[in-house]
Structure formats: structure tokens, C-alpha cells
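Both complexes shown next keep subunit A, but they swap its partner, so subunit B is in the first and subunit C is in the second.
Presenting the complex of A and B:
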């Protein structure tokens, strides 16, 4: 993501300056072509890595997804049969519905926490705001696996604090790992971990707004709440779109947290809980590498389509139009 | 963003590449630098071995010091599924597997069907066949082919807390009827814990319980690899599961997941008075922390359905197999046959790693029979329990997709203890899902 945005930034001034200059008849002078040769030289190391670790595996995986291999009868070319199977596979479809449900609950939750925290911190100027910013961001600095392991101990009925806390008021502690409550438990972990990161993105966008606009708003009689909702939020809408895109992609690929929690809640989190987990178990538990590639690819297509659709619908807010 | 998307789409391929990239024992001579152990004779043929036995380094040293022509280069590539995942990826990649690998008997078919294991009958397996019981040998062979050399076994017994049962005046149960009565008595007496746990993710443990009532879930022979018989919803299994479901519904046993931190603590802090376990169970308990220091553990034979006709069962146990990627199969077979083929090696295995030997010279020795275990207050648990259990074990046939079968079993059992379906329904659904899967994988059902 960051690679793409930074890579996209430099060509833009070049393009606009080229457009403003009178366009020469020949396509690029000799000097320009020479300059481009140097450009290629600088880009080559990246392209090599990009091709070796991304483009090639991608084509390899796509190739694999066109074959079917069974334990008893070996491998044969079956074309798109695997894709037909994937999109009628109840395990895959249930997983998709599940991550869809997570997206509906988790993205607004993270966004709300991040936005409120960023707006509050933006209007504070004391040392407390710096400290709070650090503390809210801290969970993001913890590796996802470690964070999930930590939470799995907090949720544990035996080691976690909940049984002690509920004992004080004479109630039975809820089981955070039961099939009915695992959804909320996972939403909690992800929101805890990622809100701080999104907060920093939004906070940075807020800082880049010209303070004279606030001054003008104050003169017009706007109070703090009105400034926040009428001025700040609309002005950072492109950052918000970016944050939601991050969150959307991350949620559709939901993997690490449920995998870690599965160690202590195998009944509540099955092997095909999310599409990514399904692909993982197919490949590494059941040795179905071909079908696993299909699931991974099908998910990739859906994630791509989903984020494209989202960016298309929000093109006005993000300034992509 | 695009790059992130693409990365995910290629996730299987990328991680496959990453995994094989760091798999040890990859390129012949360079392997020596990756050994966990010291090579004694640098000129000898080196055989790379993956294994996760405790205290295995001393066994490897023993082997290397006593062999001039073959040396073991040992790596611990993870326990159970962690190792199998790496092995499975190496098979798919065509390189990166070790020469000799420790595998549990239950996964042998899953790997032999992928042509990943060498048939050891061509490399002198018959020479050592007499050193093992018929049941142990059946577990590693399929028809005439022999896919591994047995190492340790898991004959089952019942480990119990004498102090807890005494406190509530309950005798150690010898049949499942007595077991249920004891569970009821313990609850009626208001004990803080329960009699035992019924883990829905017990996998091989649950299957062993079914097998005790006569369940033969799979019929499979490598000589005819596209045919399989599946029967997981037989009368025996249904009887066993109905029995446990009844205990679960009455709240007489716990339904905690096995092998979690919670479960490990409960095993040793008195939450369960009885741990129906394999012979490696005492070693497992001994390694757990937070143990109740006043605990008095004793071992007894596993409860029976019919006390007059006891049926012995097995849970776990491991073997050494030679992989088809082995460069020097002759040397690899020597390692598989001989690494646990001496009394010295087995004394380490028994005393340091708490393994239950399948190698007859030590299994039938006075030393092993009379060994006193401090954990059990000096009880001779082999003489009292496990030797008889091992002798009565007749072997078991696993499916070539055992991991899938276990995952499905766990799902069905979990649905049952959640009250979503009855025990018969759970097993019927399991049967249907396994039959469907076998069909998808190209098997013909017998």
C-alpha cells in the first residue's frame, strides 16, 4: 500500500508539468529517453523482487488452481472446475458470510474509536495528549500473534481475570470462548489492536488542516462539536476512505486472531472459520494444495472486487475522481 | 494496495516457498552445519532425522558414537502437526524433507498414499520384525509393505487421584458402569471437581474409546489404494458415545478441550479425579506445572465394558519412517531400525523421556517390568497396568485422510455436547461427511 502511494506520487508533477509545456511532436527527446533508461535502472531491483516474490507465485498459484489432485487418483487438469466447486462450497460461502458480518461490526467499531480518539487528541495540547496518543497506539506495536495470545489468556476461564472480577459481585463469569460469544471476543481483539493505528492516520490528517479555517469557523460562531463534525471530518474524508479500505481488506483476510484463539476454542472456531483459514487448512492439514490455491485466488478476486467497488463508490470523498 | 491484494492471492504459494526455504536437511553436505547434535565421524554418511522425543539428543549421541559408517544429523522440526505440516509441504515441493522422520502411527497411511515413504520391506525390515509385537507391527504395515519401524506405544490405562477418591469413599472403577456410578457419587458428595473430562478434541483418544467397544472405523490397504471402507457409526461407537453424552448431560464429566493451558492445569490440580491416559500420560503429567503437591497418583487398568472379556486399547505412539526423498535409503533404513535398538538407548527413552517401548528385548525385560515410578509413589505401573494393555493390543487401521477425519469428529462431538444433536445423529453425520469426502478424493467405498 505505502509502496504504491509513494510510487504514484512522483510521476504526477512530472505529468502535469509535461502537460503544461508545449508538447513536442516527437515522442520524447533523446535526453528524455536517456533519463528513462536511468529510471529503469533504479526501478529494476524492486521489479526483480516484485516479480520473484509476487508475480511469479501469483501465476504459479493460479496455475495450480486449474488442476485437481485427489488422494486416490492423482493430478489432472480440470480448468475452472475448482472455481465452480469453491463458489458452491458451503464451507467457503459460510466463511465469506462470516467475514462479511465481521466487516459490518468491526470496521465501524474501529473507525468510531479511532475517529473519536483522534478528534479529542487533536483539540488537546497538553503533555497528556502526547502520552495518550502513545498509549492508544501501543497495541499496534505488539505483534498480532502476541496480542492474540495475550487475549487468549485474558479470556481463559481459569487464568483470566474475569472469574475473579465476577466473583466479587457474586455472578458467574461469562465464557468468552463459547460459540455464542467468540464473535464479540474476536471483534474486541481486533478493535483493540488496530484502532490506535487508524487513529494515528486520522490524527496526521487532522494536523495537516490549516488552523486558519478553525479561526474562520470560530468567528462564524461554530462551537467545538460543530467544528469537528462540519469542518474536520469532511476535510479528512480521503484519509477516512483509506482507513476503511485498510480495515476492509484486513477483515476480509481475517486469519491470525482466530487461528491463535482456535488453540483454546477448537469447537467454537472450526478449521474453515474464515476463507483464509479454510485455504490454510486445505493446504497444510489436508494436503489439497490445488483446491487451497483456488480458495485463496477466489478470495483474492473478491477482496479486489470489494475494495474496487468501495473506492469507486467513495471516489468523491477520497479525491480519486 | 494492489500489492497487498496480490500477496494474499498468492498466499499458499508464497508460504509454501518460505516453508521449504527454511526446512533443514535440504542440501546433502551442507546439512551437517544444521544439525542440533555433534557429528562424531565426519567422514561417514550422514542421515538427517526429524524427531521431537524429549532427551533425544543423548540417544543420537549414543548412536553416532557406536556407528562408524552412518551418522545422524538430528533436527527438532516441531511436535506432531507442526512437523507434519513441514513434511507435507516438502513432499509437495519435491525437496526439503529429511531422510528419516518421526511419525505417529496414525498418519502413516496419509503419507504413504502420497508416495512419501519408502517401503522398508526392501531394506531389511523383516530382520527386526521379531523384535516387535504383532499389534505394533500391524500399525506400521499395510499388506506386505512396511512403512516404518515402531518406537514407542500408547497402551491405555487409568491414572487416578487416590487421595480424592478416598476422601469421598469411592473405589477406583474397573468397568464403565462403575465409572458412571463413581461420577454420580462424586457429584452427590459435592466435590469441587468432576470425575473426568470428555474432550471433544480428543481425536485419537475418542477413537480409542470407540475401538474398545469394537469399532473398526476404516478398512484400508495400500495394495489397493483407491478403495476404502468407512464405518464410524457402528453399534459399538454409538453405545460409547451415548454413554458419554449421558454423563455430559448430567454434568458428571467436564467437556474441556484437551491440550490447552486450562486443561493442563486442571489435570494436575485435582479438577479431574481420573485421567484415562496412555502409557506416555505419566510423562505428560510430570512435565506440567502448578501440580497439587499433595496429590497421590495411582494407575489402574482402563475401565471395561465387559469385565469378563477385557479389551485393550492404544492411544498414540510413534515410529521412524524413511522418506522417499532420502538420498541414501540403505543408510536411512539402518538409522530407522537401530536408533532405538539398544538397551542403553531405551533406558534413556524410558527414564528421561517417559516413553513406552515397543522393542521387545526391553519391553519384556525384568528391568522394565519391575521399574518403580516415584510419581506413583513407587508403584510398578508397567507390571500392574501397561504391559498387559500392550500385550492385548491388536493393531489398528487408520484412514489416509486421518487429519480430516479427526477434525470432523471434533466438530460433531462439539455439536453434541452443545446439545445441538444427539449422539447417534452426530455419528451418522460424521459417517456422511467422511463418505462424501472420500468420494471427492477419488476413493471407491467398499
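Presenting the complex of A and C:
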């Protein structure tokens, strides 16, 4: 190996110069090799978990998806037949379209609330604004299941305040759990749950902007709105990209909220409402583990490809090269 | 990998100590009074929207079942039933609620602390050692952040069932140890917060690698550790899909899955017992620990959450 032949190389200078090197050069002294081993030692415990609970399940799911198991014929290798079935399966395709629609509505809604709240909070220094910041963030500390349970109570015509509130203004309360309003009801739950978290991320990014830039803008005659749209938002674009990526990954795996709401809105939310719910019911209600693996793996690939594409398209804004 | 090149070349500009102080900035950007009031009104409306369901939960926790149906949703009933409800939680199915709450704590802490330890070690390894294959391995880990973890639930279930781990606490704890995002955060933070010169000085003074890590690096990483710990504890505490799939024994459920089960039974009506008052008070008690820890750890997470947002 080349490591032995380069033993005569000068001893490695202090790590300061190493930090500026893009890659380790192959001039390892014994010290260098020992360092390398330490690096691996620190990383290995995580890599074991990574291999066992991410890499292996992924390959396992892919393997499962290539087989079909029926009572009559036993387990047979069927190649990509399950994928052909999945991408012509109306239940899966409808679920995909539905989470796509959720992504289109929900992500801008969350982002807008988070961004506007963060911009307003950034321009104020009162105790009231500090308190509001905490209160807006509070739903993040509530487990998603509990949040969805709370909203399902609030939506419910039996307990909910909606009938009282609408009576007050002389209107009939809408049924939040009807098939044609469930979409908005779910968007509201997710927006409520996550906007505060995104707001904190964006707010912190705003706070790290050097305030002297605002001075300069003010001298140039920019008003508050112009400062926000021309300076602040472009300067935090990498945080925005991160927030959108997380929201995208989360939305495409939509599961918990519709499952909880299904308790009281069976008619509006079926068992295959989202691809994840479909995979769950295939596996645990129908024991079709091969096909469930296919759906899970296909969804995983689509989410990965989707977020990768998004990061690629926004690489200029995010600073990722 | 496109992603890692970015973290390698430039030092990401992250907020290290939390919100930078900008004392004196507020008045400097003089605002007309009207705008100020408008902003505050807007904030108050927003805050009400975010808090009112939580307020509702608190009020509902103090009502018995008939009070839940008959009294105004956002105000207390004449009869204050919180303590009766708590007592009810102790008697319903022999107090299984408290078992659930205990399970949630066990899973969240075992999974969260474990994930944090693994993230600290790996983040430090990636940030401060240049071993061969580092770039490629880190690139794969970064890419895996985009793999939806729920897609792994069903294969994980099948794997765990082969090893007989289904319906054991391990089935929830072991997969929760995985936190690629935690590794990423710790690496980015370590790169900034732990100067190479300090490590080198410690080594020259004769400290071994382990001592250098514990005595030099670890104290500098505190804000990031708290953030990663909080994020992974919250993640495990929140987790629903995984325990739903791998646990069927009622005594092993975390509180989230347990309460959802009560709700499903209560909604089913016939045969199922209606325990609405226990659901609301149980839900209220279960959200207290996290709300309190977020309140007390404010200083840390408010700065820490920016670590991920490069630049």
C-alpha cells in the first residue's frame, strides 16, 4: 500500500494547515494512520445503527418487493411486477396525487405564516413579541397525535365550539369532517402544528443578519417592506430552502394526522388516504407484506428524488453546490 | 456528493451562542406608532390561533364527560373535575395510562439519549479526523436525511419480527437511535465550535484522543448537544407510526398510541367505553413534560435550531 512507501514524507504539520486541505494526502506517518483509526472509531457506533436500521431495511424492502406471495403458489420471484401493479393501482396513485395536493397547499401556507411571523417578530423588541414567539412555537411541543386529537375534538359537532360560534353569528356550522372539507381541516392542523417551528428557524436566521445592512438600506431610503423583501428574505434563503425541504419530506409521508382524524371521520378518510396509510393497511390489515414493501419503497424513492430535485433546483439560493 | 462539498469548503456561518444581542437596535429603527400597534395586533391574533387549542385542552381536562358536552368549550364548567379525572386515570384499566406515560418516557429518553450520543461521536469524528472514505460516507448520511423514515417502518417491522423483537421495548428504542440529521448538526457545529488548534495543543500536552474529546471538545459542544437531544427526544416522543406497527401489547404502548386507541374505542360507541374525560385529561398531562422542558431550555434551542440552516 502507498502508505508504507510514503513513510519518509515530512511529519504532518499541525492541524491548522490540514484544515485548509480539501482532502487528506497520502503521506501518512504512523501518527496519521492512528488518527485515521480514531476517526473511524468515533464514527462506527453510528454507522452500525445506520446500517442496521436504514441501509438494511431499505435493501430488505427492495428485496421483498421483487417477490409475490400467494396461498396457492407460495412465494415466487416476480421481478418488477409489483411495481407495475403499484403504478397502475388507482389507490396508490390517488394517494400520491393527494399528498401532492397537500404539498402544494400546505407548504406555502406554513411557510407564509412562519415567514410573516418571523419578519414581524424581528422588527419588534417588546416583551409582548417575545411572549408571542413562545406561544406561536408552543404547538411544536405537543405530540402530533395529541395535536390531531385536540383538533378532532374542536372539529367535532358534538363537543366542538364551532356550532356555538357559528350560532352566535347566525350561521350553520360547517361540518369540518365532511369529505369535501376534510382537506382544509387537515391543512389547518398541520399548519398549526409546524409553523411555529419553522418560524423559530427563520427568526434565528434573521437575527444572524448583520444589522448594519439595515442602516445602509434605510439611508438609501428603503422602507420596512422593501427591507424585508429585498434584503431580509434573500439573505435567509438557505434557511427557507431547509424549511421547505423538511416540510416537503414530512408532507409526502403524511400519516399521523389523517389516521387520528379517521377515528371520527371514517367517511371522509379511507384506509388508503395517503400512500403511507395504504402501505400500513396492506401490511397489517391484509398481510400483503410484499406489496406493502413495494409501496413503501416506491414512496421512499419518490420522496428522495423529489427532495433531491428540489435541492438541486434551489442550489443557488441555498448555497449548496 | 454535492451536499457535502458545501460543508467541507467553507465554514458554515451558524449562530453559535444563540440570538446575537442587538441591544439598542430596536429604538434605532424608529417606527411610527401606528405600524407598531398594527404589528402587535397581528401578533396577538396569531398567538391566539396557536394557543387556543392548548387552552381548550387545559379547560377540557378539568371537565367530566357530561361537562365536556354541555359547558362552553373555551371556559370552565361549574364543576371542577380535574382531580376526579386524574383519579380516573389511576383506576381505568388498572391505571394503564401511567404505564403508557412511563413507556413514553422510557422510549423517548433511551432513544433520544442514545441517538444524541451516537450523533456527538460521529459528528466529532467527521469534523475533526480526516480518514479515508470520510467524504463518501458523510455524503451518504447526508443523502439519507431525505429518505422518509416512515418508508422504513414496514421493513423494520419485518426484520424485527425475524429476531423476535416485536412487542418488546427494543422494537421502538433501537430504530430511534438513528438520527442522520443529528450527525449532520453535530458535524457542522463541531467544525465551528472546536478549533483544531485546541485539540492539537491538548495532544501535545500528552492527552490521548479520548481525553481530548471529553475534556476539550465536549464542553464546547453543549448548545448543540442540548438541541440534538431535544430534537431526538421530541422525535421519539412524537413517533406514532413505528410503535403502532411494532407494538400490540397494550402494556407496552406509548401514551400517543394509547390515547389514540381510547379515542377510537370511544368513537366506536357500541361496546366501547366512552372515556372522553380521561382522554382530554390524559392528553393534557402528557403534553406538560415537553412544554415545560421547552420553556426551561429556551436559551439553548432558540440558538441551536439555526445550526442546521447553513449560512
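Here is the rule we use: the second predicted complex is superposed on the first by the 288 of 321 C-alpha atoms of A that agree within 3 Å, B and C clash if a C-alpha of one lies under 4 Å from a C-alpha of the other, contacts with A are read in each partner's own complex, and residues count from 1 in each chain.
Just so it is clear, a residue touches a chain if its C-beta (ideal position, glycine included) is under 8 Å from a C-beta of that chain, and two chains touch if they have at least 3 such contacts.
Keep in mind it's a predicted model, so treat the numbers as computed, not measured.
S.K.: Considering only the touch criterion stated at the top, classify A:267 as touching first (subunit B), second (subunit C), both, or neither.
M.R.: First partner only.
S.K.: Quick check for you: in the superposed arrangement, does A:151 touch first (subunit B), second (subunit C), both or neither?
M.R.: second
S.K.: One more residue to check, A:128. First (subunit B), second (subunit C), both or neither?
M.R.: In the superposition, A:128 contacts subunit C only.
S.K.: Mind telling me which of the two, subunit B or subunit C, contacts the most residues of subunit A?
M.R.: The partner with more contacted residues on subunit A is C.
S.K.: Can A:229 be said to touch subunit B (first), subunit C (second), both, or neither?
M.R.: Touch status of A:229: no partner.
S.K.: Give one of first, second, both or neither to describe whether A:200 is in contact with subunit B, with subunit C, with both, or with none.
M.R.: second
S.K.: Would you check which partner chain A:57 touches, where first means subunit B only, second means subunit C only, and both and neither mean what they say?
M.R.: So A:57 meets both subunit B and subunit C here.
S.K.: Touch check for A:75: first (subunit B), second (subunit C), both, or neither?
M.R.: neither
S.K.: Taking the superposition as given, does A:179 touch the first partner, subunit B, the second, subunit C, both, or neither?
M.R.: The first partner, subunit B, only.
S.K.: Figure out whether A:42 sits in contact with subunit B (first) or subunit C (second), or with both, or with neither.
M.R.: In the superposition, A:42 touches subunit C alone.
S.K.: Residues of subunit A that sit at the subunit B interface in one complex and at the subunit C interface in the other, please.
M.R.: 50, 53-54, 57-58, 60-61, 64, 153, 158-159, 245, 249, 253, 263-264, 276, 279, 283-284, 289, 292-293, 296-297, 299-300, 303-304, 307
S.K.: Enumerate the contact residues on subunit A facing subunit C in the complex.
M.R.: It is residues 14-16, 18-19, 21-24, 35-43, 45-47, 49-50, 52-54, 56-58, 60-61, 64, 113, 117, 120-121, 123-126, 128-129, 131-132, 134-147, 149-154, 158-161, 164, 192, 195-197, 200-201, 204-205, 207-208, 211, 214-215, 218, 224, 236, 238-239, 242-243, 245, 249, 252-253, 255-256, 259-260, 263-264, 276, 279-280, 283-284, 289, 292-293, 296-297, 299-300, 303-304, 307-308, 311-312, 315, 318-321 of subunit A that touch subunit C.
S.K.: Can you check the complex and tell me which residues of subunit C touch subunit A?
M.R.: It is residues 2-3, 5-6, 8-9, 13-15, 19-20, 22, 25-26, 28-29, 31, 35-36, 39-40, 42-44, 46-47, 49-51, 53-54, 56-57, 60, 68-69, 72-74, 117-119, 121-122, 124-126, 128-132, 134-135, 137, 141, 143-144, 146-159, 174-175, 177-178, 180, 183, 196-197, 199-200, 209, 213, 234, 237-238, 240-241, 244-245, 256-257, 259-260, 263-264, 267, 276, 279-280, 283, 286-287, 290-291, 293-295, 298, 301-303, 305-306, 308-311 of subunit C that touch subunit A.
S.K.: Of all residues in subunit B, which touch subunit A in the complex?
M.R.: Result: residues 1-14, 16-17, 81, 85, 88-89, 91-92, 110, 113-114, 200-201, 225-226, 257, 260-262, 265-266, 400-401, 403-404, 407, 410-411, 414, 417-418, 440-443 of subunit B touch subunit A.
S.K.: Can you check the complex and tell me which residues of subunit A touch subunit B?
M.R.: Touch residues, subunit A against subunit B: 1, 3-4, 50, 53-55, 57-58, 60-61, 64, 70-73, 153, 156-159, 179, 245, 249, 253, 263-267, 270-271, 276, 279, 281, 283-287, 289, 292-293, 296-297, 299-301, 303-304, 307.
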